[in-house]
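So, here's a batch of structures to check.
Shared chain: chain A. Partners: chain B in the first complex, chain C in the second.
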Partner chain A sequence: MRRMMLNGSLVLTALVTIALCSLSWGQATKAEEDQRLGMESHIGKLTGHATSAQGNYRRYCVGCHGELGDGEGENAQWLEPKPRNFTLGIFKCRSTTTGTLPLDSDLFDTIGRGLDSSNMPSWNPLSAQERADLVAYVKHFSARFVTEKPGTPIEIPKKPELTAERLKAGQEVFQRVECWKCHGPTGMGNGPSAATLTDDQNRPIAPYNFHDGKRFKCGTTDEDLYRIFMTGLDGTPMPSWSDNIKPDEAWDLVFYLRSLQPMKSKEKELARQIGLKPGAAAAAAPAAQQ
Partner chain B sequence: MTSARNRFASGVLLASIFLLFAASDANALPAFARKYGLRCSACHEAWPMLNYFGQKFKDNGYQLMNDRDAPIWQNNGYWPVTIRITPSWHRESTDKVAVDQTGGQQRITSHGFDVGGLDLLSGGTLDKNLSFLFVLSSDENAVFHFESVNARFDNLFGSPWLNVKVGKFELDNIVSEKRGLTLSGSGGGFQLYHFIPIGDSNFVGQIGDNQFGLEWMGHSANDRTRISASLFNSSDGNVDLPGSNSYTGFFAGSQAFEIGKLGTQRVGFYAMVGQAPTNTLTSGGEPIPGGGFGNKTFSRVGFNGIFYLKKLDFQVVTQHGSDDAYFGTATAAPDALPGGARSAVWNGAFVETHYVHNPQLVFIQRSEWIRMSQQAIPGTPSNLGDIDNYVFGYRYMPTMNSRAGFAIHNEYSWIRQRGTAPDGTDLASSSVLLGFDFDF
Partner chain C sequence: MLPLRQRRQRSNDNLDVKNRMYPEEREKQMKARYQAAGMISVLLLLAIGLLWPARSVSAAAEGKITGTVKLDGAAPHMKGIDMSKDPFCVKQHENSPAHLENVVVGAGGGLQNVVLYISQGLSAAEASQAPAKEPVFDQKNCMYTPHVLAMDVNQKFKVMTSDQTTHNIHPLPNPLAGNIPWNKSQPPGAPPIESSWKAEEVAIPVKCNIHPWMHGYFVVVKGPYATTDEKGAYTIENVPPGNYTVTAWQEEYGTQTAKVTVAAGKPGTADFTFKAK
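Moving on, here comes the complex of A and B:
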């Protein structure tokens, strides 16, 4: 009987301890988050304050990103791709090296630009100050912004002049670093790995199709395209290629990728003139790999 | 017993306060909200009043300008139709009504449960840069009319400065009456948008009414600069071609700018200039449709603005109006005008203030004044027809998500018009509305 009582007491003590720990952990988490409401952002001359963005976050963002910034808003269940979980502090569109935090200006640009192929629209009707405040509010959800500094922005060398040699070299880079495995031999997003890709939360994700003419996720310019594959899109299978591609080669790849897009461009015209066929080099690749 | 009653009253009060301030989840045109997965509050300062994001969405032809605009993105189960109904209890009181039984005038007050009608709305894109809107409105007897029915060709030649709309539409005024937050009998609309001087016969100069015509509208990429011009029938939006072959032009422009932490402010102007018939041909004593003649001119010009001060915003509209002497004296041209007749001229303004406590709770106040500056017939009391109108209310939206919206709407309004009672004194009316706004 005493043994039973002892066992019962132990179990009860363990349950109470677990409950108290959970409660204090919850309180600590909430307290930490409240502390982070003092978070600021700095974009040019603008200083954003998280506390000033509470109203706008609730008005514009909470439906998808959720009260806790965990990407579990009421609409999240209907959306594909899913809204970003800010608590992880992982962002696709950065000017900084892979695995590091983005600059405040990166988040500011993302809010203003929106993310194509997702339900995230451009929020540029909001004033610059409102967007700067929202950047601070987004940051406050993740402890990473307290303990880590943003990464160093990558350097983008001046764009060289487009030549036929560079265009062909770009195709070779596409082949060498195996872009085709995900993006397909002709860049249509139908590579042999495409169907198996998942993001870091194990949700299916599709590679970019260069032939449908959509905006890139993180910008529209050649520099944006350069930045995308040199920084990688954190949280997705798209890695940073900065260790595998030299800056000069990266520009070659930019030229080649532009030639794949349906819009009129110098690159597309030059590819036509020199008879560069998308996928011609890559078509032989699977056999060569074996 | 008294104590129990007090406790009950306290409970009701506390529950009301709780309902007012417990707003935690916000969400609005539900058809668009459902399409894009955005809450009402993304586009509406307080539904149905647009904020800058919603205004840009509308100016882009109901497009967010991303790949989610094309109909192909719509879920097969998506139904692009919104239904709006506003059941209410309301009380209307007018202080001087001529009564046969007494041979005099007395206050008449009526109250009871009612419904404001039903709106069926659908809008969106048929293809990229080809958008449409129709609003089918019924009165409380389910008699429907086309409030809006138009198609819009957006971003022609890839330019946001080239958008052309055809059909029946609301005039492009930045302070929109159709998107107004007030619903009561005396305060539901803007008096200034429908003002007609006493004895004036011009009913087509109402800028608050939707019109049949063609509109060009252009805006900067960020929608900070907006400009439009429209040409429409001088028929006050009535179907067929009831008047003569007369037209009215409406021009509007506005510029928004940011003032630091205060937010984005907007100032603009509008001008309406038109002609309409004062006479009509008849057949067997009946007017012949399209047989209007004796066209005379009218104009409405003014400045407007939307100003933000943190949670407060102010909509300001001014107007200088003028109707030709034939309208002002209700004389059918080419008949002779009364001696000394001249144009009817007036000035007016209103300020509507909103305190947006949060996206689900908004307090509303509007003060409106219209003053005649010149009566058409000399000797007429200078203030005959002057209007003072005051509205107070709040709108609380306990349900506001990306699928539907529901608002509790309480409002009081009071209006006085000078010299229009049966005995020639001032006439005042008031309205109380306790209602609900269902929006799916």
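Moving on, here comes the complex of A and C:
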């Protein structure tokens, strides 16, 4: 009888230990992250402190990005696209090369801008200091920000003058490197590979449609557009093109892509004047390959 | 010896004036430290003494491990690939339809694309030597050649394209394990991409988002490795004499291990058989 009780209590202890271990996994992660709470961010003259952002993170961010920063907040199940998992240290909007950490200012810009076509709003109502603190807090979730340095930002040369030649050259770049495989022959986001694209978590993802005029996720200026395709959007199918598009050609491509968008622009006006049709040359593209 | 926690605290914090002690206690503590230092240096000397001859032996008589990997049972059906999205890819396979390459079985049941590596038994020095040879991962006819590319930690490798169509090369390692994913484009005629991986990882999936059927693996291991040929045969070169555990990895069937002894001038052998699902 006694022995049976002993056995029973042993089994019970084992079960409790296992249950507690699985419960404490989240706590262990939390404890590990707390060790990085000394994280700082430096944006211009601002210095952000992770510890100062704890309140704001709990109030504004935790619902989607989760307490552990893993993108598993209680609202995440209802959202599409899914909130970012900060623990991986992988970010779409970077000025640095693919596979490297973003600059503090990249994260700062993303928080201020928000991400269009997602549930991430602009957090500009918060003060710059609060946003800088949040950058430090976002960083503290990933050990990568302790062990690695941010990548080198790509250089963006001064924007050249828009000319008809540059606009046409931009269209040629679009054909040569085959942007249309995903973004479509006329930039409508309906290329042959568009339907099967998935992100790094194997979730379906759509390429940008230049004709619907939505803001780009990573900024609205010409420099932002330049940066987006040169660095690529890590975590998505969009690769980095900086190895294969020269800086001068990249500006040509920026001009051409602007001419596809529905908004009024110098590029669109010029394209109309010279009769540059996005579809015309594109239709010949598959034939030109042979 | 003082309790562990106390010792740690003090050795980390020599300047701590709050830890006042009586002189005899201090003397005792110093003695303990000298003892520890003495023991560590003896151990270090021993380790160096043991490693030194091992290193010279490994340079003098390199052994190898050979064997074959087979599949037991009928080879699973490999689906054909519909490449109709890209006319270039279709054209390359006009006369030889493309199939998935998850399980490639040759004559006699030999299993291709199995990576063999030494998972136990190598000294730290032997495991950290990365070969100078650069393995090449080619994008050819809208497929990866080879389908599985093995390499050493920190060994440089090349990704090239032979195709007249744009690919993007997108390895997806686990960033929390030390290797960071990246995603680069390779339009026709683009120069090769040179890269390497910092940490051991079996295995890193590689994909092309533009051609969703294209998938392969980088297998990053420490120390010598080999990949099976179309007959399922392999040879791991440059293995110093010793006792080892060899692991065989196949993308569908997982891993198997075997104990192998390599003697000077006598190669070790290890054959593996994976059961068809």
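Points to keep in mind about this one:
Throughout what follows, the second predicted complex is superposed on the first by the 255 of 290 C-alpha atoms of A that agree within 3 Å, B and C clash if a C-alpha of one lies under 4 Å from a C-alpha of the other, contacts with A are read in each partner's own complex, and residues count from 1 in each chain.
Here is the rule we go by: a contact is a pair of C-beta atoms (placed from the backbone, for glycine too) under 8 Å apart; a residue touches a chain by one contact, two chains touch by 3 or more.
Note that this is a predicted model, so its numbers are computed, not measured.
Applying the stated contact rule after C-alpha superposition, one finds that A:206 touches neither chain B nor chain C. In the superposition on chain A, contact of A:156 is made with neither chain B nor chain C. Using the contact criterion defined above for the overlaid structures, shared-chain residue A:126 touches chain B, although it does not reach chain C. In the superposition on chain A, contact of A:63 is made with chain B only, not with chain C. Within the superposed three-chain model, A:239 lies in touch with chain C and out of touch with chain B [touch as defined at top]. Touch criterion met: A:177 reaches chain C, while chain B stays clear of it. Contacts of A:37 after superposition: neither chain B nor chain C is touched. Overlaid on A, the two complexes show chain B and chain C touching no common residue of chain A. Taken together, the chain C residues at the contact with chain A in this complex read 85-88, 164-166, 168-170, 172, 175-176, 180-187, 190-191, 193, 209-212.
Remark: chain A residues 87-90, 98-100, 143-144, 176-178, 181-182, 192-193, 196-198, 200, 232, 234-241, 243-244, 286, 289 touch chain C in the complex. For chain A in complex with chain B, the touching residues are 52, 55, 58-60, 62-64, 74-75, 78-79, 114, 116-117, 119, 121-130, 214-215.
Within the complex formed with chain A, the chain B residues making contact are 25-27, 36-39, 41-42, 51-53, 55-56, 64-68, 222-223, 258, 260-261, 263-264, 311, 358-359, 401-402.
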